[in-house]
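Shared chain: subunit A. Partners: subunit B in the first complex, subunit C in the second.
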Partner chain A sequence: MRAARGFTLVEVTVALLLLALSGAAVIAALLGVQGSAREARKLGVQLALLENAAERVRELPGPLSGERSCPGVRSADYPELGRFRCVVRPLAGTARAVQVLLLDDRDRILAVTVGVTR
Partner chain B sequence: MRARGSILTFALLVLALLFVAGPLALMGRGELQALQAALAERQANDLVDLALAQAGRTVPAWTARTRCPRPGSADWRFREVRITDRPLGGYALLPLRSRRGRGVWCVAARTAGGPLNEGQRVEVYYRVVTDARGRELRREVLR
Partner chain C sequence: MRRARGFTLVELAVAGLLAAVVASMAAMLFVPAVRMWEQAQTTFTVAGDQLELRRSFVDDVHRAVSGRVLRGELMLRRSDGRWACYRFAAGRLERAEASRGCARSTYLPLTTQEGYDGRFEVQGTGVRMRFTRTPSGFPLPEVYAVTRAATSLR
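So, the complex of A and B:
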(Lines of atoms letter the chains of each structure in order from A and count residues from 1; the text may use other names and numbers.)
(Lines give C-alpha, C1' and ligand atoms only; values in the text may rest on other atoms or scores of the structure.)
Protein backbone atom coordinates (compact mmCIF):
# COMPACT_ATOMS: atom_id res chain seq x y z
CA MET A 1 0.00 0.00 0.00
CA ARG A 2 1.27 3.43 -0.96
CA ALA A 3 1.53 6.15 1.62
CA ALA A 4 -1.39 8.66 1.48
CA ARG A 5 0.75 11.61 2.51
CA GLY A 6 2.16 14.29 0.19
CA PHE A 7 1.34 15.03 -3.46
CA THR A 8 2.10 13.14 -6.60
CA LEU A 9 4.50 14.53 -9.18
CA VAL A 10 1.60 15.40 -11.49
CA GLU A 11 -0.15 17.41 -8.79
CA VAL A 12 2.99 19.36 -7.98
CA THR A 13 3.64 20.06 -11.66
CA VAL A 14 0.09 21.28 -12.25
CA ALA A 15 0.28 23.47 -9.15
CA LEU A 16 3.57 25.03 -10.24
CA LEU A 17 2.22 25.65 -13.75
CA LEU A 18 -0.91 27.35 -12.41
CA LEU A 19 1.15 29.52 -10.08
CA ALA A 20 3.51 30.47 -12.90
CA LEU A 21 0.61 31.36 -15.20
CA SER A 22 -1.16 33.55 -12.67
CA GLY A 23 2.12 35.17 -11.69
CA ALA A 24 2.75 35.91 -15.35
CA ALA A 25 -0.72 37.46 -15.63
CA VAL A 26 0.02 39.79 -12.71
CA ILE A 27 3.38 40.79 -14.15
CA ALA A 28 1.86 41.42 -17.58
CA ALA A 29 -0.80 43.62 -16.00
CA LEU A 30 1.85 45.56 -14.08
CA LEU A 31 3.88 46.11 -17.24
CA GLY A 32 0.72 47.28 -19.02
CA VAL A 33 0.00 49.79 -16.27
CA GLN A 34 3.56 51.06 -16.44
CA GLY A 35 3.35 51.42 -20.22
CA SER A 36 0.10 53.32 -20.19
CA ALA A 37 1.32 55.56 -17.37
CA ARG A 38 4.36 56.48 -19.46
CA GLU A 39 2.12 57.07 -22.47
CA ALA A 40 -0.23 59.21 -20.38
CA ARG A 41 2.62 61.34 -19.04
CA LYS A 42 3.90 61.93 -22.56
CA LEU A 43 0.45 62.81 -23.83
CA GLY A 44 -0.08 65.24 -20.96
CA VAL A 45 3.16 67.05 -21.81
CA GLN A 46 2.24 67.14 -25.50
CA LEU A 47 -1.16 68.58 -24.64
CA ALA A 48 0.40 71.29 -22.47
CA LEU A 49 2.90 72.10 -25.22
CA LEU A 50 0.20 72.37 -27.90
CA GLU A 51 -1.91 74.63 -25.68
CA ASN A 52 1.09 76.82 -24.97
CA ALA A 53 2.03 77.01 -28.64
CA ALA A 54 -1.52 77.73 -29.85
CA GLU A 55 -1.75 80.50 -27.27
CA ARG A 56 1.52 82.08 -28.43
CA VAL A 57 0.55 81.82 -32.09
CA ARG A 58 -2.24 84.32 -31.37
CA GLU A 59 0.41 87.01 -30.91
CA LEU A 60 2.11 86.27 -34.24
CA PRO A 61 1.41 88.79 -36.97
CA GLY A 62 -0.37 86.89 -39.74
CA PRO A 63 -0.77 85.70 -42.37
CA LEU A 64 2.20 83.37 -42.27
CA SER A 65 4.32 83.09 -45.41
CA GLY A 66 5.92 79.72 -44.68
CA GLU A 67 6.92 77.27 -42.01
CA ARG A 68 8.46 78.62 -38.82
CA SER A 69 9.20 77.26 -35.40
CA CYS A 70 6.62 77.70 -32.65
CA PRO A 71 7.02 80.96 -30.80
CA GLY A 72 7.98 80.61 -27.15
CA VAL A 73 8.54 76.83 -27.19
CA ARG A 74 12.01 75.64 -26.17
CA SER A 75 12.65 71.93 -26.42
CA ALA A 76 14.80 72.11 -23.27
CA ASP A 77 11.62 72.82 -21.30
CA TYR A 78 10.13 69.46 -22.25
CA PRO A 79 12.72 66.78 -21.51
CA GLU A 80 9.99 64.08 -21.38
CA LEU A 81 9.48 64.32 -25.13
CA GLY A 82 13.07 63.68 -26.11
CA ARG A 83 14.03 65.10 -29.48
CA PHE A 84 11.17 66.93 -31.12
CA ARG A 85 10.37 69.97 -33.24
CA CYS A 86 7.39 72.26 -32.93
CA VAL A 87 6.51 74.07 -36.16
CA VAL A 88 3.77 76.37 -37.36
CA ARG A 89 2.64 76.11 -40.97
CA PRO A 90 -0.04 78.03 -42.85
CA LEU A 91 -3.28 76.09 -43.24
CA ALA A 92 -4.70 75.95 -46.74
CA GLY A 93 -7.96 77.76 -47.28
CA THR A 94 -7.96 80.60 -44.79
CA ALA A 95 -5.62 83.49 -44.27
CA ARG A 96 -5.15 83.59 -40.50
CA ALA A 97 -5.34 79.86 -39.87
CA VAL A 98 -2.23 77.88 -39.06
CA GLN A 99 -1.41 74.30 -38.15
CA VAL A 100 0.66 73.71 -35.04
CA LEU A 101 2.60 70.48 -35.44
CA LEU A 102 4.72 68.52 -33.01
CA LEU A 103 7.18 66.40 -34.98
CA ASP A 104 9.71 63.85 -33.82
CA ASP A 105 13.25 63.70 -35.17
CA ARG A 106 12.10 61.71 -38.23
CA ASP A 107 9.37 64.27 -39.02
CA ARG A 108 6.54 62.00 -37.96
CA ILE A 109 3.60 63.74 -36.35
CA LEU A 110 3.38 63.35 -32.57
CA ALA A 111 0.49 65.70 -31.97
CA VAL A 112 -1.24 68.44 -33.88
CA THR A 113 -3.80 71.20 -33.55
CA VAL A 114 -4.84 74.36 -35.32
CA GLY A 115 -4.35 77.98 -34.36
CA VAL A 116 -5.18 81.49 -35.48
CA THR A 117 -2.71 84.34 -35.93
CA ARG A 118 -3.39 87.91 -34.93
CA MET B 1 -7.75 15.15 4.57
CA ARG B 2 -4.65 17.24 5.11
CA ALA B 3 -3.85 17.17 1.42
CA ARG B 4 -7.33 18.44 0.44
CA GLY B 5 -6.96 21.42 2.82
CA SER B 6 -3.70 22.42 1.16
CA ILE B 7 -5.30 22.33 -2.28
CA LEU B 8 -7.99 24.75 -1.10
CA THR B 9 -5.33 27.22 0.09
CA PHE B 10 -3.52 26.87 -3.19
CA ALA B 11 -6.67 27.42 -5.24
CA LEU B 12 -7.43 30.55 -3.22
CA LEU B 13 -3.92 31.86 -3.87
CA VAL B 14 -4.24 31.39 -7.63
CA LEU B 15 -7.66 33.03 -7.66
CA ALA B 16 -6.35 35.98 -5.64
CA LEU B 17 -3.50 36.50 -8.11
CA LEU B 18 -5.93 36.51 -11.02
CA PHE B 19 -8.26 38.93 -9.23
CA VAL B 20 -5.32 41.29 -8.75
CA ALA B 21 -4.27 41.07 -12.39
CA GLY B 22 -7.64 42.10 -13.82
CA PRO B 23 -8.10 45.48 -12.09
CA LEU B 24 -4.40 46.23 -12.51
CA ALA B 25 -4.72 45.89 -16.27
CA LEU B 26 -7.66 48.31 -16.28
CA MET B 27 -6.08 50.82 -13.90
CA GLY B 28 -3.75 52.81 -16.15
CA ARG B 29 -6.10 52.79 -19.10
CA GLY B 30 -8.67 55.17 -17.59
CA GLU B 31 -6.19 57.98 -17.13
CA LEU B 32 -4.76 57.54 -20.60
CA GLN B 33 -8.22 57.68 -22.16
CA ALA B 34 -9.09 60.84 -20.20
CA LEU B 35 -5.97 62.53 -21.56
CA GLN B 36 -6.74 61.39 -25.11
CA ALA B 37 -10.22 62.87 -24.77
CA ALA B 38 -8.73 66.10 -23.39
CA LEU B 39 -6.45 66.37 -26.42
CA ALA B 40 -9.37 65.85 -28.82
CA GLU B 41 -11.42 68.43 -26.91
CA ARG B 42 -8.57 70.90 -27.20
CA GLN B 43 -8.48 70.28 -30.96
CA ALA B 44 -12.25 70.77 -31.21
CA ASN B 45 -12.04 74.08 -29.33
CA ASP B 46 -9.16 75.22 -31.52
CA LEU B 47 -11.33 74.39 -34.54
CA VAL B 48 -14.05 76.62 -33.02
CA ASP B 49 -11.53 79.47 -32.82
CA LEU B 50 -10.66 78.79 -36.44
CA ALA B 51 -14.34 79.06 -37.41
CA LEU B 52 -14.68 82.32 -35.52
CA ALA B 53 -11.57 83.68 -37.24
CA GLN B 54 -13.24 82.72 -40.49
CA ALA B 55 -16.21 84.84 -39.49
CA GLY B 56 -13.72 87.66 -39.44
CA ARG B 57 -14.19 91.06 -38.02
CA THR B 58 -17.64 91.45 -39.46
CA VAL B 59 -21.24 91.41 -38.45
CA PRO B 60 -23.14 88.68 -40.29
CA ALA B 61 -25.33 89.63 -43.23
CA TRP B 62 -29.07 89.54 -42.68
CA THR B 63 -30.44 86.07 -42.23
CA ALA B 64 -33.79 84.54 -41.37
CA ARG B 65 -32.32 82.13 -38.87
CA THR B 66 -33.05 83.05 -35.26
CA ARG B 67 -32.10 79.88 -33.40
CA CYS B 68 -29.15 77.55 -33.59
CA PRO B 69 -29.87 74.06 -34.96
CA ARG B 70 -29.86 71.22 -32.48
CA PRO B 71 -26.48 69.65 -31.82
CA GLY B 72 -26.02 66.75 -34.18
CA SER B 73 -28.63 67.92 -36.68
CA ALA B 74 -27.93 67.92 -40.42
CA ASP B 75 -28.29 71.72 -40.62
CA TRP B 76 -24.74 72.13 -39.44
CA ARG B 77 -22.59 72.10 -42.56
CA PHE B 78 -19.16 70.98 -41.50
CA ARG B 79 -16.07 72.03 -43.42
CA GLU B 80 -13.33 69.45 -43.20
CA VAL B 81 -9.85 70.39 -42.03
CA ARG B 82 -7.03 68.09 -43.12
CA ILE B 83 -3.45 68.20 -41.96
CA THR B 84 -0.85 66.61 -44.23
CA ASP B 85 -3.71 64.76 -45.97
CA ARG B 86 -5.05 63.23 -42.79
CA PRO B 87 -8.40 64.37 -41.40
CA LEU B 88 -8.24 66.38 -38.18
CA GLY B 89 -11.89 67.33 -37.94
CA GLY B 90 -14.34 69.92 -39.15
CA TYR B 91 -16.08 73.09 -38.16
CA ALA B 92 -19.42 74.71 -38.97
CA LEU B 93 -20.36 78.37 -38.70
CA LEU B 94 -23.89 79.72 -39.05
CA PRO B 95 -24.86 83.36 -38.63
CA LEU B 96 -27.97 84.22 -36.62
CA ARG B 97 -30.23 87.22 -36.94
CA SER B 98 -28.97 89.78 -34.46
CA ARG B 99 -29.53 93.27 -33.23
CA ARG B 100 -27.59 96.07 -34.86
CA GLY B 101 -23.91 96.17 -34.14
CA ARG B 102 -23.68 92.67 -32.75
CA GLY B 103 -22.80 89.41 -34.39
CA VAL B 104 -24.38 86.19 -33.22
CA TRP B 105 -22.99 82.91 -34.50
CA CYS B 106 -23.69 79.25 -34.06
CA VAL B 107 -20.35 77.48 -34.05
CA ALA B 108 -19.68 73.76 -33.99
CA ALA B 109 -16.57 71.67 -34.27
CA ARG B 110 -15.85 67.97 -34.21
CA THR B 111 -12.79 65.80 -34.37
CA ALA B 112 -12.55 63.07 -36.96
CA GLY B 113 -11.62 60.34 -34.49
CA GLY B 114 -8.55 59.38 -36.49
CA PRO B 115 -4.94 58.90 -35.45
CA LEU B 116 -4.43 62.68 -35.23
CA ASN B 117 -7.13 62.78 -32.55
CA GLU B 118 -5.85 59.70 -30.71
CA GLY B 119 -8.99 57.96 -31.95
CA GLN B 120 -11.33 60.18 -29.95
CA ARG B 121 -14.48 61.70 -31.42
CA VAL B 122 -15.45 64.94 -29.69
CA GLU B 123 -18.15 67.39 -30.76
CA VAL B 124 -18.65 70.88 -29.32
CA TYR B 125 -21.48 73.31 -30.05
CA TYR B 126 -21.51 76.98 -29.04
CA ARG B 127 -23.55 80.13 -29.50
CA VAL B 128 -21.13 83.04 -29.66
CA VAL B 129 -21.93 86.75 -29.50
CA THR B 130 -19.39 89.19 -30.94
CA ASP B 131 -19.28 92.96 -31.02
CA ALA B 132 -19.06 95.05 -34.19
CA ARG B 133 -15.31 94.46 -34.43
CA GLY B 134 -15.56 90.71 -34.12
CA ARG B 135 -14.38 90.45 -30.53
CA GLU B 136 -16.03 87.70 -28.58
CA LEU B 137 -18.43 88.94 -25.90
CA ARG B 138 -20.18 85.77 -24.79
CA ARG B 139 -20.04 82.05 -25.42
CA GLU B 140 -22.75 79.60 -24.45
CA VAL B 141 -22.63 75.86 -24.76
CA LEU B 142 -25.52 74.45 -26.82
CA ARG B 143 -27.14 71.26 -25.65
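So, the complex of A and C:
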Protein backbone atom coordinates (compact mmCIF):
# COMPACT_ATOMS: atom_id res chain seq x y z
CA MET A 1 0.00 0.00 0.00
CA ARG A 2 1.25 3.42 -0.95
CA ALA A 3 1.92 5.59 2.12
CA ALA A 4 -0.28 8.65 2.62
CA ARG A 5 1.46 11.79 1.46
CA GLY A 6 0.88 15.49 2.05
CA PHE A 7 -0.41 18.01 -0.48
CA THR A 8 1.86 18.97 -3.34
CA LEU A 9 2.81 22.57 -4.00
CA VAL A 10 0.55 22.56 -7.07
CA GLU A 11 -2.48 21.43 -5.05
CA VAL A 12 -1.90 24.07 -2.38
CA THR A 13 -1.45 26.76 -5.06
CA VAL A 14 -4.64 25.72 -6.84
CA ALA A 15 -6.57 25.79 -3.54
CA LEU A 16 -5.25 29.27 -2.72
CA LEU A 17 -6.06 30.47 -6.23
CA LEU A 18 -9.62 29.16 -5.93
CA LEU A 19 -9.97 30.93 -2.58
CA ALA A 20 -8.70 34.18 -4.09
CA LEU A 21 -11.01 33.86 -7.10
CA SER A 22 -14.08 33.20 -4.97
CA GLY A 23 -13.13 36.16 -2.76
CA ALA A 24 -12.73 38.37 -5.81
CA ALA A 25 -16.15 37.25 -7.08
CA VAL A 26 -17.74 38.15 -3.74
CA ILE A 27 -16.01 41.55 -3.71
CA ALA A 28 -17.12 42.23 -7.30
CA ALA A 29 -20.73 41.37 -6.44
CA LEU A 30 -20.59 43.61 -3.38
CA LEU A 31 -19.09 46.45 -5.40
CA GLY A 32 -22.16 46.13 -7.62
CA VAL A 33 -24.45 46.34 -4.58
CA GLN A 34 -22.49 49.34 -3.28
CA GLY A 35 -22.77 51.02 -6.68
CA SER A 36 -26.54 50.45 -6.66
CA ALA A 37 -26.77 51.89 -3.14
CA ARG A 38 -24.81 54.95 -4.25
CA GLU A 39 -27.08 55.38 -7.26
CA ALA A 40 -30.18 55.00 -5.07
CA ARG A 41 -28.82 57.66 -2.70
CA LYS A 42 -28.12 60.00 -5.61
CA LEU A 43 -31.63 59.52 -7.02
CA GLY A 44 -33.07 60.14 -3.54
CA VAL A 45 -31.11 63.38 -3.29
CA GLN A 46 -32.31 64.46 -6.77
CA LEU A 47 -35.89 63.75 -5.71
CA ALA A 48 -35.40 65.68 -2.45
CA LEU A 49 -33.91 68.64 -4.31
CA LEU A 50 -36.79 68.79 -6.79
CA GLU A 51 -39.42 68.45 -4.06
CA ASN A 52 -37.78 71.15 -1.92
CA ALA A 53 -37.51 73.44 -4.96
CA ALA A 54 -41.15 72.82 -5.92
CA GLU A 55 -42.20 73.68 -2.36
CA ARG A 56 -40.18 76.90 -2.38
CA VAL A 57 -41.70 77.84 -5.74
CA ARG A 58 -45.05 78.04 -3.92
CA GLU A 59 -43.66 81.02 -2.01
CA LEU A 60 -42.85 82.90 -5.23
CA PRO A 61 -45.33 85.47 -6.44
CA GLY A 62 -46.53 84.29 -9.85
CA PRO A 63 -46.69 84.32 -12.78
CA LEU A 64 -42.99 84.12 -13.67
CA SER A 65 -41.78 86.25 -16.56
CA GLY A 66 -38.95 83.94 -17.58
CA GLU A 67 -36.44 81.34 -16.47
CA ARG A 68 -34.80 81.82 -13.09
CA SER A 69 -32.73 79.75 -10.71
CA CYS A 70 -34.58 77.66 -8.13
CA PRO A 71 -35.28 79.63 -4.97
CA GLY A 72 -33.48 78.45 -1.84
CA VAL A 73 -31.42 75.76 -3.59
CA ARG A 74 -27.70 75.93 -2.92
CA SER A 75 -25.39 73.40 -4.56
CA ALA A 76 -23.40 73.16 -1.31
CA ASP A 77 -26.44 71.50 0.30
CA TYR A 78 -26.37 68.67 -2.25
CA PRO A 79 -22.71 67.58 -2.54
CA GLU A 80 -23.67 64.14 -3.92
CA LEU A 81 -24.93 65.69 -7.12
CA GLY A 82 -21.63 67.30 -8.07
CA ARG A 83 -22.03 70.23 -10.45
CA PHE A 84 -25.64 70.94 -11.33
CA ARG A 85 -28.06 73.74 -12.03
CA CYS A 86 -31.66 74.01 -10.89
CA VAL A 87 -33.93 76.32 -12.84
CA VAL A 88 -37.60 77.25 -12.85
CA ARG A 89 -39.32 77.88 -16.19
CA PRO A 90 -42.88 79.08 -16.70
CA LEU A 91 -45.08 76.51 -18.40
CA ALA A 92 -46.52 77.90 -21.60
CA GLY A 93 -50.27 78.45 -21.56
CA THR A 94 -50.60 78.47 -17.78
CA ALA A 95 -50.61 81.31 -15.27
CA ARG A 96 -49.02 79.73 -12.21
CA ALA A 97 -47.61 76.38 -13.27
CA VAL A 98 -43.84 76.10 -13.68
CA GLN A 99 -41.32 73.44 -14.58
CA VAL A 100 -38.59 72.78 -12.06
CA LEU A 101 -35.60 71.33 -13.90
CA LEU A 102 -32.44 69.79 -12.59
CA LEU A 103 -29.66 70.14 -15.17
CA ASP A 104 -26.13 68.76 -15.21
CA ASP A 105 -23.03 70.82 -15.99
CA ARG A 106 -23.69 70.41 -19.74
CA ASP A 107 -27.26 71.63 -19.32
CA ARG A 108 -28.72 68.16 -19.94
CA ILE A 109 -31.93 67.47 -18.04
CA LEU A 110 -31.45 65.05 -15.14
CA ALA A 111 -34.92 65.32 -13.63
CA VAL A 112 -38.02 67.47 -13.92
CA THR A 113 -41.08 68.17 -11.84
CA VAL A 114 -43.93 70.63 -11.99
CA GLY A 115 -44.64 73.30 -9.39
CA VAL A 116 -47.13 76.07 -8.81
CA THR A 117 -46.37 79.64 -7.78
CA ARG A 118 -48.34 81.47 -5.11
CA MET B 1 6.18 -1.77 7.88
CA ARG B 2 7.20 1.66 9.07
CA ARG B 3 5.67 2.62 12.41
CA ALA B 4 3.30 5.54 12.44
CA ARG B 5 4.78 8.44 14.28
CA GLY B 6 3.42 11.80 15.46
CA PHE B 7 4.10 15.16 13.85
CA THR B 8 7.38 16.86 14.49
CA LEU B 9 7.52 20.35 15.92
CA VAL B 10 8.69 21.69 12.56
CA GLU B 11 5.75 20.08 10.70
CA LEU B 12 3.30 21.54 13.23
CA ALA B 13 4.90 24.97 12.97
CA VAL B 14 4.76 24.93 9.18
CA ALA B 15 1.13 23.73 9.21
CA GLY B 16 0.22 26.44 11.74
CA LEU B 17 1.96 29.08 9.68
CA LEU B 18 0.16 27.97 6.51
CA ALA B 19 -3.19 27.97 8.32
CA ALA B 20 -2.48 31.47 9.63
CA VAL B 21 -1.59 32.68 6.12
CA VAL B 22 -4.77 31.19 4.63
CA ALA B 23 -6.92 32.56 7.47
CA SER B 24 -5.46 36.05 7.17
CA MET B 25 -5.99 35.96 3.38
CA ALA B 26 -9.61 34.96 3.91
CA ALA B 27 -10.03 37.70 6.52
CA MET B 28 -8.47 40.28 4.20
CA LEU B 29 -11.02 39.33 1.56
CA PHE B 30 -14.13 38.90 3.64
CA VAL B 31 -13.88 41.56 6.36
CA PRO B 32 -13.98 44.44 3.83
CA ALA B 33 -16.70 42.54 1.97
CA VAL B 34 -18.87 42.38 5.09
CA ARG B 35 -18.22 46.07 5.76
CA MET B 36 -19.24 46.93 2.20
CA TRP B 37 -22.40 44.88 2.59
CA GLU B 38 -23.30 46.60 5.86
CA GLN B 39 -22.61 50.03 4.36
CA ALA B 40 -24.80 49.28 1.34
CA GLN B 41 -27.58 48.00 3.61
CA THR B 42 -27.41 51.18 5.73
CA THR B 43 -27.52 53.36 2.62
CA PHE B 44 -30.61 51.54 1.31
CA THR B 45 -32.32 51.74 4.71
CA VAL B 46 -31.55 55.45 5.09
CA ALA B 47 -32.92 56.07 1.58
CA GLY B 48 -36.11 54.23 2.60
CA ASP B 49 -36.30 56.21 5.86
CA GLN B 50 -35.87 59.43 3.92
CA LEU B 51 -38.79 58.63 1.60
CA GLU B 52 -41.07 57.64 4.48
CA LEU B 53 -40.30 60.63 6.71
CA ARG B 54 -40.52 63.03 3.78
CA ARG B 55 -43.98 61.73 2.83
CA SER B 56 -45.27 62.08 6.38
CA PHE B 57 -43.63 65.45 7.13
CA VAL B 58 -44.66 67.13 3.85
CA ASP B 59 -48.24 65.89 4.22
CA ASP B 60 -48.51 67.30 7.77
CA VAL B 61 -46.98 70.66 6.78
CA HIS B 62 -49.31 70.97 3.79
CA ARG B 63 -52.28 70.70 6.16
CA ALA B 64 -50.83 72.89 8.93
CA VAL B 65 -52.52 76.11 10.03
CA SER B 66 -49.98 76.94 12.72
CA GLY B 67 -46.62 75.65 13.82
CA ARG B 68 -43.92 76.27 16.36
CA VAL B 69 -40.73 74.73 17.66
CA LEU B 70 -40.56 74.24 21.40
CA ARG B 71 -37.56 72.63 23.10
CA GLY B 72 -36.50 71.09 19.81
CA GLU B 73 -39.93 69.60 19.09
CA LEU B 74 -41.96 70.72 16.11
CA MET B 75 -45.67 71.10 16.80
CA LEU B 76 -48.05 71.56 13.89
CA ARG B 77 -51.76 72.17 14.26
CA ARG B 78 -53.52 70.90 11.18
CA SER B 79 -56.64 72.13 9.42
CA ASP B 80 -58.57 69.11 10.78
CA GLY B 81 -57.92 70.36 14.33
CA ARG B 82 -55.42 67.63 15.20
CA TRP B 83 -51.79 68.09 16.20
CA ALA B 84 -48.82 66.47 14.50
CA CYS B 85 -45.52 66.67 16.35
CA TYR B 86 -41.97 65.70 15.42
CA ARG B 87 -38.83 65.31 17.46
CA PHE B 88 -35.40 63.70 17.31
CA ALA B 89 -35.00 61.34 20.25
CA ALA B 90 -32.63 58.44 20.92
CA GLY B 91 -31.16 58.70 17.44
CA ARG B 92 -34.50 58.42 15.64
CA LEU B 93 -37.01 60.82 14.18
CA GLU B 94 -40.32 60.37 15.98
CA ARG B 95 -43.84 61.54 15.19
CA ALA B 96 -46.92 61.88 17.34
CA GLU B 97 -50.48 62.74 16.43
CA ALA B 98 -53.15 63.80 18.91
CA SER B 99 -56.33 65.80 19.21
CA ARG B 100 -54.67 68.00 21.85
CA GLY B 101 -50.98 68.59 22.57
CA CYS B 102 -48.72 65.65 21.81
CA ALA B 103 -47.93 63.64 24.92
CA ARG B 104 -44.46 62.12 25.25
CA SER B 105 -45.88 58.61 25.29
CA THR B 106 -47.60 58.98 21.93
CA TYR B 107 -44.43 59.42 19.89
CA LEU B 108 -43.62 56.63 17.44
CA PRO B 109 -40.40 56.26 15.47
CA LEU B 110 -40.57 57.19 11.79
CA THR B 111 -37.09 55.93 10.99
CA THR B 112 -35.88 52.35 11.22
CA GLN B 113 -32.20 53.16 11.58
CA GLU B 114 -30.68 54.82 14.66
CA GLY B 115 -28.19 57.64 14.45
CA TYR B 116 -30.30 60.59 13.33
CA ASP B 117 -30.26 64.06 14.81
CA GLY B 118 -31.48 67.35 13.50
CA ARG B 119 -33.55 70.43 14.06
CA PHE B 120 -36.68 72.18 12.83
CA GLU B 121 -37.35 75.74 11.73
CA VAL B 122 -40.64 77.47 11.04
CA GLN B 123 -40.39 80.47 8.71
CA GLY B 124 -43.48 82.20 7.35
CA THR B 125 -45.42 79.52 5.49
CA GLY B 126 -42.55 77.04 5.34
CA VAL B 127 -41.14 74.43 7.71
CA ARG B 128 -37.64 73.05 7.39
CA MET B 129 -36.19 69.87 8.85
CA ARG B 130 -32.41 69.69 8.79
CA PHE B 131 -30.30 66.66 9.62
CA THR B 132 -27.18 67.27 11.65
CA ARG B 133 -26.34 63.56 11.97
CA THR B 134 -27.26 60.49 9.90
CA PRO B 135 -26.63 56.74 10.41
CA SER B 136 -24.64 56.36 7.19
CA GLY B 137 -22.50 59.42 7.91
CA PHE B 138 -23.46 60.86 4.52
CA PRO B 139 -25.29 64.18 4.67
CA LEU B 140 -29.01 64.03 4.00
CA PRO B 141 -30.76 66.87 2.19
CA GLU B 142 -33.12 69.00 4.22
CA VAL B 143 -36.86 68.52 3.96
CA TYR B 144 -38.74 71.71 3.19
CA ALA B 145 -42.48 72.08 2.87
CA VAL B 146 -44.94 74.95 2.59
CA THR B 147 -48.44 74.91 4.04
CA ARG B 148 -51.46 74.95 1.74
CA ALA B 149 -53.85 75.70 4.59
CA ALA B 150 -52.70 79.09 5.92
CA THR B 151 -51.00 82.32 4.88
CA SER B 152 -48.58 82.07 7.79
CA LEU B 153 -47.76 79.41 10.36
CA ARG B 154 -47.00 81.88 13.15
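Quick note on the criterion: the second predicted complex is superposed on the first by the 91 of 118 C-alpha atoms of A that agree within 3 Å, B and C clash if a C-alpha of one lies under 4 Å from a C-alpha of the other, contacts with A are read in each partner's own complex, and residues count from 1 in each chain.
As a convention for this text, contacts are C-beta pairs under 8 Å (C-beta built on N, C-alpha and C of every residue); 3 or more make two chains touch, one makes a residue touch a chain.
Note that the structure is predicted; figures quoted are calculated from it, not measured.
**Q** Is A:102 touching the first partner subunit B, the second partner subunit C, both, or neither of them?
**A** neither
**Q** Which partner does A:26 contact after superposing on A: first (subunit B), second (subunit C), both, neither?
**A** both
**Q** Which partner does A:114 contact after superposing on A: first (subunit B), second (subunit C), both, neither?
**A** It touches subunit B, and subunit C stays clear.
**Q** In this superposed model, does subunit C or subunit B come into contact with more residues of subunit A?
**A** It is B that touches the greater number of subunit A residues.
**Q** Of the two partner chains, subunit B (first) and subunit C (second), which one does A:40 touch, if any: first, second, both, or neither?
**A** The answer is both, since A:40 touches subunit B and subunit C.
**Q** In the superposed arrangement, does A:86 touch subunit B (first), subunit C (second), both or neither?
**A** neither
**Q** Where does A:48 make contact in the superposed view: on subunit B (first), on subunit C (second), on both, or on neither?
**A** A:48 contacts subunit C only, not subunit B.
**Q** Check subunit A for residues that touch subunit B in one structure and subunit C in the other, and list them.
**A** In subunit A, positions 19, 23, 26, 30, 33-34, 36-37, 40, 44, 51 sit in both the subunit B and subunit C interfaces.
**Q** Taking the touch rule as given, give the residues of subunit B at its contact with subunit A in the complex, in rising order.
**A** Touching subunit A from subunit B are residues 2-3, 10, 13-14, 17-18, 20-22, 24-25, 27-29, 31-32, 35-36, 38-39, 42-43, 46-47, 49-50, 53-54, 81, 83-84, 88, 116, 118.
**Q** Going by the contact rule at the top, pick out the subunit A residues touching subunit B in the complex.
**A** Residues 4-7, 15, 18-19, 22-23, 25-26, 28-30, 32-37, 39-40, 43-44, 46-47, 50-51, 54, 91, 94, 96-97, 99, 101, 109, 111-116.
**Q** What residues of subunit A sit close enough to touch subunit C in their complex?
**A** 3, 12, 16, 19-20, 23-24, 26-27, 30-31, 33-34, 36-38, 40-41, 44-45, 48-49, 51-52, 55-56, 58-59, 72, 77-80
**Q** Under the touch definition given earlier, write down the residues of subunit C that touch subunit A in their complex.
**A** Residues 2, 18, 22, 25-26, 29-30, 32-33, 36-37, 39-40, 43-44, 46-47, 50-51, 54, 58, 124-126, 138-146 of subunit C touch subunit A in their complex.
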